[in-house]
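This is the structure I want to talk about, given as structure tokens.
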């Protein structure tokens, strides 16, 4: 961690009031923390857009475990991408449905590819790639 | 406009460096302006999520003017929602395709409804509602 | 326009019922049109992600015309990018605020660049780039 | 599961060609599966927009475990929302950073609230709520 710096920003008092109301409702303890979060959110987007460097993300899939051979297929696929997939959590949503979340770490394009592959499997009802960060650029 | 206020935020120096590089690439003259924009973006989202109050937005549709009766239908629809639609611009993209942008102003749910109606018309190839603001909450 | 083709898809009857309820509420006349729209939406996303080829988009900005010199600056900027900007519509939202929508046509990266430049200007309260298409890939 | 139905859609042959190229690149085995996924994606969005019924989602947070007391605070918060949080997976990204994914199940507004609370904690560098489904409406 590098050293802390401090800078000031000037803005209309009423804009600040309105922003403060929102972040209070969201549970922020301080305004600085809310603004640092907005800045970090921008850094994460940029990293994914550039398509280089290392990112982290999560892939969420929902499926019915009654689909024949689906479990095996998903396991095989995940092994094929084992260098990207850090770990997987499985939740039994109800009698029929499973939710699986995979944490991926690697290049943005490869993370998109594995999300595409898993989402496109027949029997996978919903798939989403969530973009986040390894934290190193967020400090 | 209410009076200007100034406040400070403290953060890691390297986080600031990275943020500064991004906003420089985007053309921001000052860091304060970039942060005010992030704050305003959050205010706009909240206003649309609450579903009340007055918002502004734009509806972008792309269509082929060769589709029979489409021009008339779009005009009729827009008149049915004339209390929401401030004005419309039409662009001839090429020999076949038109792009129309409508500026809407009113309640969020009504703005969504008119976007849904226009987007769902046969012959409209693409439709998008863009959320923005009347500016009053952004100052 | 190439010739019409027809293909069938099979799915669970209840999934279809639920989808039909949503598209009815949105005003679709037929299911085919709703599905064609979902397919086109995917094509538009892909085109922008690839970063090549020609796209169309709209840039929406909201600003206060009281900001000194802002009108001139925005006009200058738009002229600098005149090869990308097809036309611009200006709406007087209230006594203070203006909304401007620009239709842009060109390469995805250039469209992003002009949106960044306009959004980052001091006095521009909110800016959004909306991704759409020249229509040629949507048919 | 209800019975399978089959319906046809007609569209321009070239639109179909372009769509087919994209879904092949994404790894879909059949066109039907790709279209069912687009339909389900729409159902998930609607359910979250309506704000009622039961949804599933994942909350992804990235933080530095060096922040004093952060682990305890996150654990306390998660217990306060234990009726919403099904389970949590923790990944050690590097020497400093942790990624945590929580699976939540419940009302959309409550799921948003817990995501807001966790994201706003000082020391949490990035937080994202991913909208998905319990699967029951997706079949």
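To keep things simple, chains are lettered A, B, C and D as they appear, and every chain counts its residues starting from 1.
Assume a residue touches a chain if its C-beta (ideal position, glycine included) is under 8 Å from a C-beta of that chain, and two chains touch if they have at least 3 such contacts.
What you see is a predicted model; the values in this text were computed from it and never measured.
Colleague: Give the chain pair, either A-D or A-B, that is connected by more C-beta contacts.
Modeller: A-D
Colleague: Averaged over CA atoms, how far is the centre of chain A from the centre of chain B? Could you give it in whole Å?
Modeller: Here the centre of chain B sits 25 Å away from the centre of chain A.
Colleague: In whole angstrom, what separates the CA-based centres of chain A and chain D?
Modeller: 9
Colleague: Counting only residues that touch at least two other chains, what does the list for chain A look like?
Modeller: Those would be 40-41, 138-139.
Colleague: What is the shape of the graph in which nodes denote protein chains and edges denote touching chain pairs (line, ring, star, complete, other)?
Modeller: Looks like a ring, each chain touching just two neighbours.
Colleague: Quick one: in the complex, what on chain C touches chain D?
Modeller: Against chain D, chain C makes touches at 1-16, 18-19, 22, 31-32, 35-36, 38-43, 46, 137-139.
Colleague: State the interface residues of chain D toward chain A in the complex, per the touch definition above.
Modeller: 23, 25-30, 33-34, 37, 40-41, 44, 56, 58, 60, 62-64, 86-87, 89, 91, 93-94, 96-99, 101, 103, 105, 116-117, 119-122, 124-128, 130-136, 138-139
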